[in-house]
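Below are two complexes that have chain A in common, paired first with chain B and then with chain C.
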Partner chain A sequence: MANRIPSFLLDKPDSDIYSEDRGKIKLSFIERGINQVADVIRSGYIQWDTATNDGFFQRLDARIKMIFLLFFAVIVSLKKEIMPEIYLGSFIFVLVLMSRLNIFSFYKKVFFLGFLFGFLIAVPSAFNVIVKGEIIFPVFQLSKDYRFWVYHIPADIGITREGISAVSMLTIRVVNSLSIAFLVLSTTPFPDIIKALKMLKVPDSFLMVITLSYKYIFIFSKTVEDMHRAKKSRLLREVNSAEARKWAAGRMGFIFRKTRLRCDEIFKAMLSRGFSEEVKIYKPRKLKSRDIIAGAILMITGVFFIWY
Partner chain B sequence: MHIPDGYLSPQTYVPLFGASLVCWSIGLKKIKRELSTKQVPYLAMAAVFSFLIMMFNIPIPGGTTGHAAGAGIIAVLLGPWTAVIAVSVVLIIQALIFGDGGITAIGANCFNIAVVMPFVAFWVFNLIKGKSRDPKRLSLAAFFSGYASLTVSAIFVAIQLGIQPLIARSSSGTPLYAPYPLSVALPVMALEHLLLFSIVEGVVTLLLFKYFMKNEPELIYAETGNGT
Partner chain C sequence: MDNIITLKNISYSYYNRIPAVSDISLDIMEGECYSIIGANGTGKSTLLQIMSGLVHHSEGSVFFRENEVSAESLKNRSFLKFFRERVGYVFQDSDIQLFCPTVMDELLYGPLQLEIKESEAMERAKEVMQMLEIQDLRDRPSYMLSGGEKKRVAIGSVLTINPEVILFDEPTNGLDPRTQCFLVELMLALGDAGKTLIIATHDLSLVAELETNVALLSEEHRIEKTGSADEILKDEDLLLRANLIHEHMHVHGDKTHKHRHSHYFFHKH
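The block that comes next holds the complex of A and B.
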């Protein structure tokens, strides 16, 4: 009996279909697109999920948490010694524990980003080529010093005490800043963060733009994910780079059109609900005494860290 | 390009936050004058578009893929002031939700990516385009608007990082913030952008510009001077 399966389905697909080699782009650009969109959607859900846990920080008013975030981020940037930074890190660790966040996943993210943006970027500065000082780990020896314009390469190259100190300081500061940011962001729903920004005198129209953008980023992210999946489902083999670029440009153009159309729809919806010239976000409720006490304790601790 | 917390001293991030604040205030006033009540959904959708551009990976010559920052093409499509607000909103959301870029560095990141990039892109586009309607010249203008805007923005970042060892050192002479001096930060940032990242930005700007020129030229602000 004759085979009725179309010939293009009988062709064995390239086993290396998702890789890139010899300058040919295959399907990895679609995979990357899907992964990026998935990350966006996942981050939104994770934040929503952890922010609704029952812990110390989740119960606090968003305004207190925003003041804490700004105050402590500035304190971390003001410290000039390693020990106070370590004490600050320990204090944040206690707050993370009290907020019943998953310690493992929380610090996995913090340390990964801290390693990437703190340690890895800064590590070459531990060498005496960047930060001069006392060499404690000699690495390489040249026959003589080299001078070129403003650059000086010494004959003895190695890791300096001062360089290690600079890298450690930067890494721990990045880790502390990330911990503070993730602690607040993981325990506060995004709409509450926006309402809390009103207290900082951010104009209502600007807050409204942020709120609308946040909502529609997730809605349109799904559209973008669908586009990538639809394209992937129609492809069996590698695609030509020029064709892939044309597809991406076309999809971006389509998204632009969609956002323009949605802009008109939102505006009409706003008008139909009686929207006039003025954008007004209502004042949040009064602070509870529990929030005031917790806020005062956090502020006093912050002042202690400033003086320490 | 996003500067994380810890790299900039207060002497740097406070003035840059002030500069961004001034630009946001001017931008909001200008857009309100042009769009009146429609400004909120318009800016929100511009921000959404600016965010989503980064979700598309573009194959670039050499066998790899990359995505654009998008501030340049937003400035050409929607105008520089709309781009200032839209890209700033995206950067604020990225910092507050995804932890991209530091909280203390929000002002610096907005200044570098949401203020410098759109204006450089818009000026370069108009400078190269002139009064010409030649498609080749328009394409060249689009590519270089993306290319130059990201490169200049990277140079601003490099300068801000490179001056840190001059601003703040411990008593033993150890840099307290970004450790690389200008002589290292500037050439490294400039070269990696001139040779790689800015090319991606230029290609994406060119592709999108060509798409709009072919299908909807009336929507391009830099061609019509009208963002609505």
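The block that comes next holds the complex of A and C.
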């Protein structure tokens, strides 16, 4: 082997010093995206970590929590006034506190998604163009009214009292629904959620899709992160966006190929262990008196919110 | 010989919770062949990635030729080029390392980034293919290669850059004995050519054959002991403690006895 070592491999670098005058590199959009993918693994780990904490909700049986989730999601959508929604939100906040979750990161996620899927979607209805009503903040004035087919654009455009009420209602409903969902997801290990859904007669094919997708997200994220590191190790200069896109496209093809292979292998592994298109789980543990009492309290509270 | 890589009190933990390496200090000399050994999960690969600036440590400092390697310093264009052309990394999983359309493109990727003339880059690729005996694979895409071929191409893709330091992560994992033997010969030749080789492995026979200096990582993610291969491999108590060898029962004819066992050269009776 020694006599076959190419001569260029015996060359030493010219200098051990580098010049510091060439400036800093900027992270490309794709590189930032890959760093975000790596965060998926981190958030999965944090979910597992918080779900195994010793808090009020963590100690409850997953079946009770799933019923709570469905029941309270219905109550949130039944309420037609803001005050009961605020009381519901406060109740969920107390449950979050009792479950020892990190309030800041919990509500950061809830408010971000609430803003995106609640407030932003509803905000046009604050204007009298969408919801008629008493203008409390005039915004724009046209010379006359306009009528087009079934639409009517009034001369005075502004934010109405009824509009604000509708936007607030929708936003607070979305925030409450998200809080309930995140509360259950953050306090229940993923396998327990699947078992609870199975008990609640959710179809097996649906459960399998969720389970395999959830697992594959982590495998996929790890692979993407590793590939990115492998590329970084051979990267001698800043990469422009076009090159980064080319690399990303090539790697997508690789992942697609790998996914197909893995899909075949997983299915074969499932068949070899007796899979017959039905998800079978061992007998669930009996509900403890603590679960029944806590479940009853949650149900009574729910009924109180319906009645209120 | 000068220090080429220096680690000072390096610690790193995943998600700021699970420790991967704890308070590691090491000096690796230019031209040295150095192994980091330890059982699974002791932090060998993480340590290697910290040395190559792919993972950034939470505490401590890493130096390459007295220049600090950090997330900040690698944002500097000059230092990035200076560092990456001198430090190569061969990943355990060759699949993730090979991202170009064909073997030839893989070998040319590094030299072309270094802005080496195309004729010279082609010459490098040709010579490396000859050395690694992969001339027949030059136009093949990486997904049409066997595990051993992928490993050779992955090594070739690093060698065409001509780095001073080559980091190997579990290089013999999953390879057939012939490819393993080829790899050992290659590493010995690279060592003779003056390259600094750093190998993360739990393959004790590889450490014995290369006669490297060794840092043994404990299951607490710390350095348990450093020394020559001979010194470390003879210390059976140490290897047993580090889970690199084990004790098990054996039946020989009508006799049953218990002894220490490693899947490597000593298997005493």
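Here is the rule we use: the second predicted complex is superposed on the first by the 231 of 308 C-alpha atoms of A that agree within 3 Å, B and C clash if a C-alpha of one lies under 4 Å from a C-alpha of the other, contacts with A are read in each partner's own complex, and residues count from 1 in each chain.
Following the convention adopted for this analysis, a contact is a pair of C-beta atoms (placed from the backbone, for glycine too) under 8 Å apart; a residue touches a chain by one contact, two chains touch by 3 or more.
For clarity, every value in this text was computed on a predicted model and none was experimentally measured.
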Touched partner set for A:304, first chain B, second chain C, both or neither: neither
Which of chain B and chain C A:131 touches, first, second, both or neither: first
Partner chain in contact with A:232 - chain B first, chain C second, else both or neither: second
Which of chain B and chain C A:250 touches, first, second, both or neither: both
Dominant contact partner of chain A by residue count, chain C or chain B: B
Intersection of chain A interface sets (partners chain B, chain C): 20-25, 250-251, 257
Contact footprint of chain A on chain C as seen in their complex: 14-15, 17, 49, 52, 54-55, 65, 67, 75-82, 84-86, 88-89, 91, 93, 95-97, 99-101, 109-110, 113-114, 123-124, 127-128, 130-131, 143, 157-159, 161-162, 164, 185-186, 188-190, 192-195
Partner chain B, residues of chain A touching it in the complex: 20-25, 28-30, 32-33, 36-37, 39-40, 43-44, 47, 69-70, 73-74, 76-78, 80-81, 109, 113, 117-118, 122, 125, 130-133, 150-151, 162-163, 165-167, 169-170, 173-174, 176-178, 180-182, 185, 190, 193, 203, 205-206, 208-210, 212-214, 216-217, 220-221, 224, 241, 244-246, 248-253, 255-257, 259-260, 262-264, 266-267, 270, 275-277, 279
Residues of chain A defined as touching chain C within the complex: 1-2, 4-13, 16, 18-25, 42, 45-46, 49, 223, 226-227, 229-238, 247, 250-251, 254, 257-258
Footprint of chain A on chain B - complex, ascending: 4-10, 13, 24, 28, 32, 36-49, 51-65, 67, 77, 85, 89-90, 92-93, 95-99, 102-104, 168, 170, 172-181, 183-184, 203-204, 207-208, 210-212, 215-216, 219
